[in-house]
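Down below are the structures I want you to see.
Same chain, two partners: chain A is paired with chain B first, then with chain C.
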Partner chain A sequence: MGRAGGRGRGVRAAGERARPAARRARHRCRQTAVAYLFLAPSLAFFAVFLLLPLLFAVLLSLSRWAGFDLADIRPAGVDNFAALFARGSSFLTPVLTNTLLYALGTVALALTGAVLVAHCITRLRFQGFWRTLYFLPIVTTVVAVGNVWKYMYEPGGLVNGVLNALGLRSVAFLQDPATALPSVVVVQAWASLGSAILILTAGLKAVPHSYYEAAELDGAGPFTVFTRITLPLLRPSLLFVCVTQFITGLQSFALIIVMTGEGGPGDATNVAALEMYQRAFKYGDWGSASAAALVLFVLVLVITLAQLWLFRRKGADG
Partner chain B sequence: MRRRGRVPWLSYLLVGAGAVVTVVPFLDMLLTSFKGPGEYGRLPYRFLPEAFDLSNYREAFVRLNLPLLFRNSVVATAVITGSVLLTSSLAGYALAKLRFPGRDLIFRLVLATMMFPPFVFFIPHFLILVHWPLAGGNGPLGDGGAGLTVSIAALVMPFLVSGFGIFLMRQFIVSVPDEMLEAARIDGAGEFTVWWRIVVPQTRPVAVTLALLTFVGAWNEYIWALLVSTANPRLMTLPVGIQTLQSYLDPHRMVPVMMAGLMLSVLPVLLMFLLLQKHYIRGVMLSGLK
Partner chain C sequence: MKRRRVLAGLAGAAASAAGCGAPGRGGGGRPGDPVVLTLLSHYATDPLKSALQRVVDEWNAAHDRVHVRTTAVRFQDLLTTLMVRQAAGQGADIIHPYSLWAGQLAQAGVVRPAPSGDAARIERGFARPAVRAASVRGRPLGYPTEVQSYALYYNKRLLRAAGLAGPPRTWRELEETAYRTARRDRHGNTLVQGFGLSRTDDSTVVNQTLALLASRGGSFLHPDGTHSALDSPAGRAVFALERRLIDRGASDPGIDLMKAFPAGRVAMAVSGAWWTGSLKQTMGRDYRDVGVAPVPGPAPGNRGTVTTGFLLGVNAKSGHQREAWEFLRWLNDEVVPAGPGAGRAAAVRATRMSVLQMSVGTMTGRTGDMRALLAAGGDQNLGPFVDALDYATPEPNGPRAQKAKALLRKNIEEMWTGRHPPDAAVRNAVRQIDQELSR
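Here is the complex of A and B:
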C-alpha cells in the first residue's frame, strides 16, 4: 500500500510537472510555425530573387550564352574573365578607371560641399527650410535630374548662357571627352548633396554647445573652431557619408545612361555597371556581362570592407 | 551675447549660393517647359520664356500615352509599397517578438541582403522573369514564351520585399512592450490577431516613413523599368516614357516638351515630399542609404 501510494504520488507529481512542460513545448512549436508563416513571403522572395540570381550570375559568368533558350548554355571556364582583363580590352582602362574616378570625384565634391553647407546652416535661422531646399534633388527621378542638366550643358543651355554672360566662351561639356566625365560627376554630387548635409547636420547637433562657447571664450576664430572642434567631432558622420557615397558612386550608371546614352563620347563616361548593362541587354552577351558584374561586385565588396575596417579603427580611437 | 546679435553674413552667403545652385535647375525645368517653339537654343540664353506657352504640355499629352504611363507608374508604385509594408511588418514582427529556431540566422540573412548591389541582379532577374514557368506562354520548364515580361508583374516582382524594410520594422517593433502582447495573448488572441490589432497600430509612424521611402523609390525607379519596357513597350512607366520623347522630336521643340513631361512626372513626388518631409527625412536619417 505504502509503496503503491508512493508510486501514485510520484506519478501524479510527474504528471503535474509534465503538463505545463508539454504545453510550453506545444506553445513553442506553434510559435515556430507562426513565425515561419509570417516570414514565408519574405523567405520565398529571397530564395527566388536573391539566392537563385546569385547562383545564376556565377553560372552565367562561367558560360557562353547568347540566346534565350536555357538549353544553349555552354561552359566556358574563366574565358569571360580572361577576356575582360586581356590586353587591349577596354574594361580596365578606361571603364574601371572611369568608375573609380566617378566615385572619387563625387565623394570629394559632395563631401566638401556638404561639410561647408552643414557647418554654415547650423548658424542660420530657418534650418528646416534650407535643408528642404537642398533635399529636392533626392526625391527627383534620375531622368529629370539627368535631362535638366544635360540641356543646361548644351550650347544653348543655361550653364553656357551664364558663361557667355560672363564673357567666357561656350564649353561643349558632354561632347568633349576631356570634360564629359567631370560634367556628369558634378551632377551626381549635386544630386547627393542633400542626404550628406542631412547626416552631417545631425552629427553637428550632437556636438555639445559648451565646446563652442569655451572656444569662443578662448578667443578662437571661426576657422580654428571649424578645424579644431567641428571637423574632429564630425569624423564618425563624415566617414559614414564617405563610405556610403563611395559605394553608391561605384555602382551608379542611371545618370550616365540619361546624360550620355552609351557612355560617350567614345568611352569617356563609360563605367563598369553601364558596361555590364550594355554587354547584356544590347549585345545579348550574358556571359561576359555577368563576369563584368561579378568583377565590379568584388571590387565594391573589397573597397567596402576596407572602408568599414577603417571606419571601425577610426571609431575606436576617435 | 554680443555674438548672438551678429548676423552670420558669410554663412548666409554660402548657404544661399548653394541653395540657388540646387533650385535653379528645377526653375529652369519649369521655365523651359513654357518656352515656345524655337525659343530654346536661341542665343544669348534667356532664363524667362517670352510668353508662357502651354502648348508643350498639350504636346506631351499627345506624344505620350500618358494614361498608360500614369497607370503603370501608379499601379507599380502602389503594389510595391503595399507589398513592402505588409511583408516587412509580418517578418519584422516574427523577428522581433517571436521565439523560434533559426531566428538569428534569418535576421543576419536579412541584413546581408542590403549589402548586395542591385546591378548584380539585373541580368538574373530579367532571365528569371522571362523563364517564369507557366506564364506568358511558357511551358513548365520555362521555355517557349515571354514569361512574366508580358504583364505588369514584371515591373514589380523584384521589389516586392525589402531587406531594409524588414530591418526597419524589426528595430521598431522590438520597442513595443511585451506586456501588451502578453495581455492580448492571455485574452485568447492568436499571433495574427496580436500582429494586426496591437503591432500594426503601434508601428504606424515607422510605417509612414517606410511607405514614403518605398513610394518615392518606386515612382522614380528607372533602370529596371527601362529594361522591362524595352522587352514590352506596354510596360513603360512615366520616367521611361518621357525619356523616349527625345528620339522623335527635333531638339528646339523637343526640349521644352520634355521639360513639360518631366514636370508632370516630378510634381506628384515633390508635392508629397513637401507635405510629408518630416517622415521622409527621418527615413533617410535611419537608412543613410540614399
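Here is the complex of A and C:
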C-alpha cells in the first residue's frame, strides 16, 4: 500500500511536472501555428508565383509543347537537354560562351569604371549632382539607350565620325562579328554604371576616416591607401555589385534585341536569354526553351556561389 | 495515357498559377446582342490599318447580327502576340498569320483546314503558289490575302548615271551593274550600294537569297520538306555571288536597305511587292525613278523567284466558326465594283480584298483581279510581281519553317561577314536545318 501510495504520489508528481511541459508544448504548438498563419500569405505568394512556375518550367523541360494547349504537352525525357548539347548545336558555342563573355565583360567594365568614378566623386564638390548624372542611364529605357548607341555606331555615326576625323577608316561595329559583342558590352556596362556607382559611393562613405589619417601618418601614398585600405573595406559593396551585375548580365537580352536584332550578325551576339525567348515565343518550342532556362539557372547559381565563396575566402585571408 | 493525364493535370495547375488559362471562349453578352468577332492582324499602321478598317466598317454597317472588331500589332510582334494570346485563352476569332507559320500553327491546333466549300473557292480563285503558301499538307487553312512575289527593284537615275540603259537580265549583268553603280568615300563609307544586301529583317536577308536561288533553278528544301536542298550548284552559286558583291564593295549589309533605297543610295535590290506602296509614300516624286524587273536568271529569259503571303483563317478555338467564315467569304470571295476610292479602276469588278490590297500598293493571289485593276490605272511596277505568280515557288511552310529560316539567316550572315566561306556556310546551314527538321 505504502509502496502503492508512494508510486501514486510519484505518478501525481510526475503528472504535475508533465502538465506544465505539455502546456508548454501546446503553447509552442499554438505559437508555431500562429506564426505559420502570419507567414501563410507570403508563403502562398512564393508558392504560386515562384514554386509552381518553377515546377512548370521543370515539367516543360522534360516535355514537348507548342505553347497553345495544355492537353498537348507530350513527355520527352531528357531529349531537350540532349538536343541543346548535341554536336552542331549552337547552344554551347557560341550562345553560352557569348552569355559568359557578355556578363564577364559587363561586370569587368562596369565595376572598374564604377570604382574609379565613385572614388573620384567622393573627392569632388556637388557629389549629388555627379551621382545623378551617372545615374541617368538607369532611368532611361533600354530601347532609347540601345537606339542612340546603335546610331552612334553606324558607319556614318558619331563614333565613326570621330575615327574618320582622326584619319582612320570606318569600323562596322555592329556588323562585324569580331566587334559586335564587345560593342554591345560597352553599352551595357555604361548603362549599368549608375547603380554600381551609387552603391560603391555609399560603401566608400562607410569607411572610417581614422584609417586614412593613420595611413597618412605612416606616410602611405595614394595608391597604397587605395589598394590597402579603400579596396579591402569596400569588399562587401564590391561583392554585392559583382553578384547583382553578373546575374543581370547573364539574364539580359533587351539591349541585344534593340541593337543587333536577333543576336546577329550570325550568332555573334546571341545569348542564352535571347535564345530562350526565341525558342519559346517565336518557334513555339517551349520544351527546349525551358531546358535552356534551367541550364541558365544552374549557370547563374554556380557562378553566384563561386563569387560568394571567393569573396568570403578573400575576406578570411585578408 | 494515364501518365499524360497526370502531366496535363500538373501542367494545368502550374500554368493556371502562372497566369495561363486554357484557351477557350466565353459566349458573353445578352441574348439578342450581336456576335462580336475579333480579328488580329499586323495592319497596325496606315495605309493598311485604315484600308482594313474601311471594309470592316462596311461589314458592320450592313450586318446587325455579326460585328467585327479589329486589333493589330506590328508584324515583328504578330507571331509572339498570337502565341501568347492563344495560350492565355484570349486568341482572336479570325487570325491573319504569315504563311510561313502555317505548319507551326496547324500542328499546334490553332488553325484547322478551311471548310470544304471555302477550300474549293480558294483553290478555284487563287494562283497556284498563293494556294500552296496558304495550305498545309495540300489543304488550305484560310483565304490567301496579301501575296508577295519577289522581283528586282532598281533606281533608274543611278543606272543612267553609270551609263546603263536598263535593268540587268542575267546574273552576269547584275554583277556588272552592281560594280558600276557602287560608290564609296575615301574613308570606306558606302555612298551607293550597287546591289542591296541588308540585315534589316528575315525577308531582306533570306527572301532575296531564296529568290536568287529560285532564279538559278534551285530550292531551299526538298519537296517533302524533310531536309534542305541548299547544298546544290545553285545554292553554292548564290552564296558565292553575295560574298563576291560584298568583297568587291558593291554591297554593304551594314546599311539599312529600307532607308537607303528610298534615299537613292541603292541601285538595285530584291524585295516583295509590298515595297512599292511603301516606296511611293516615302519617296514622293522620286518614286518615278523606281523600276521593277524580274529577278535575273543565268541566261536572258530564265525566270524563277519565290513567293510568300498571308492568310486569313479562323481560330480553331473560336466559338463562332460559321460567322467567321461567312465574314471571310464576304471579304475575300464576293466580287464587287472597286468603287470611287479606286480612281480610274472604279468600274472594275474584283473582290473586296483585291481592291483593298491594290489600294495600298500590294496584291492578292487573284491574278485576274490584279491584272484588271492594273490595266485600269494601277501602279505598273506591280506588273512583274503579278507575272511572277505564274512561275514563283512558294516559301516552305512546314511545322519548323520559321526556325529553319532563322538558321538559314544566321548562316547567310556568317558568310556575309566572312566568318565562313560560301561553301562552308552552305554545308553548315544544311547540317543545322536538317537537324532541326528531323526533330
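The rule is simple: the second predicted complex is superposed on the first by the 257 of 318 C-alpha atoms of A that agree within 3 Å, B and C clash if a C-alpha of one lies under 4 Å from a C-alpha of the other, contacts with A are read in each partner's own complex, and residues count from 1 in each chain.
In this text, a contact is a pair of C-beta atoms (placed from the backbone, for glycine too) under 8 Å apart; a residue touches a chain by one contact, two chains touch by 3 or more.
Worth saying up front: this structure is predicted, and the values here are computed from it rather than measured.
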Quiz prompt | Fit or clash - chain C, chain B, common chain A | solution = clash
Quiz item: Which partner does A:V298 reach: the first (chain B), the second (chain C), both, or neither?
Solution: neither
Practice problem: Once the structures are superposed on A, label A:S63 by its partner contacts, choosing first (chain B), second (chain C), both or neither. | Solution: second
Quiz item: Which holds for A:V78: it touches chain B only (first), chain C only (second), both, or neither?
Solution: neither
Quiz item: Which holds for A:A214: it touches chain B only (first), chain C only (second), both, or neither?
Solution: neither
Quiz item: Between chain B (first) and chain C (second), which, if any, makes contact with A:P265: first, second, both or neither?
Solution: second
Quiz item: Who does A:R131 touch here: chain B (first), chain C (second), both, or neither?
Solution: first
Practice problem: Identify the partner contact of A:F281: answer first if only chain B is touched, second if only chain C is, both if each is, neither if none is. | Solution: both
Practice problem: May I ask you to decide whether A:L174 touches chain B, chain C, both, or neither, giving the answer as first, second, both or neither? | Solution: second
Quiz item: After superposition on the shared chain, which partner residues are touched by A:L158: those of chain B (first), chain C (second), both, or neither?
Solution: first
Quiz item: Residues of chain A touched: more by chain B or chain C?
Solution: B
Practice problem: Residue by residue on chain A, keep only those touching chain B in one complex and chain C in the other, then list them. | Solution: 48-49, 52-53, 56, 60, 68-71, 154-156, 160, 164, 281
Exercise. Provide the residue numbers of chain A that touch chain B in the complex, in ascending order.
Key: 28, 31-32, 34-36, 38-39, 41-43, 45-46, 48-50, 52-54, 56-57, 60, 68-71, 113, 116-117, 120-121, 123-124, 130-145, 147-149, 151-152, 154-158, 160-162, 164-165, 190, 193-195, 198-199, 202, 216, 240, 244, 247, 251, 253-254, 257-258, 273, 276-277, 280-281, 286, 289-290, 293-294, 296-297, 300, 304
Quiz item: Touching chain C in the complex: which residues of chain A?
Solution: 48-49, 52-53, 55-56, 59-60, 63, 66-75, 83, 86, 88-90, 154-156, 160, 164, 168-170, 172, 174-177, 261-262, 264-268, 278, 281-285
Practice problem: Give every residue of chain B touching chain A within the complex, in rising order. | Solution: 3, 8, 10-12, 14-15, 18-19, 21-26, 28-29, 32, 40-47, 86-88, 90-91, 93-95, 98-101, 103, 106, 109-110, 113, 115-128, 130-131, 141-143, 157-158, 160-161, 163, 166, 190-192, 195, 216, 219-220, 222-223, 226-227, 230, 238-240, 242-243, 246, 255, 258-259, 262, 265-266, 269-270, 273-274, 277, 280-281, 284-285, 288-290
Quiz prompt | chain C - residues contacting chain A, complex | solution = 3-4, 7-8, 10-15, 17-18, 20, 22-23, 79-80, 83-84, 86-87, 104, 107-110, 187-190, 199, 201, 252-255, 400, 402-403, 406, 409-411, 413-414, 416-417, 419, 431-432, 435, 439
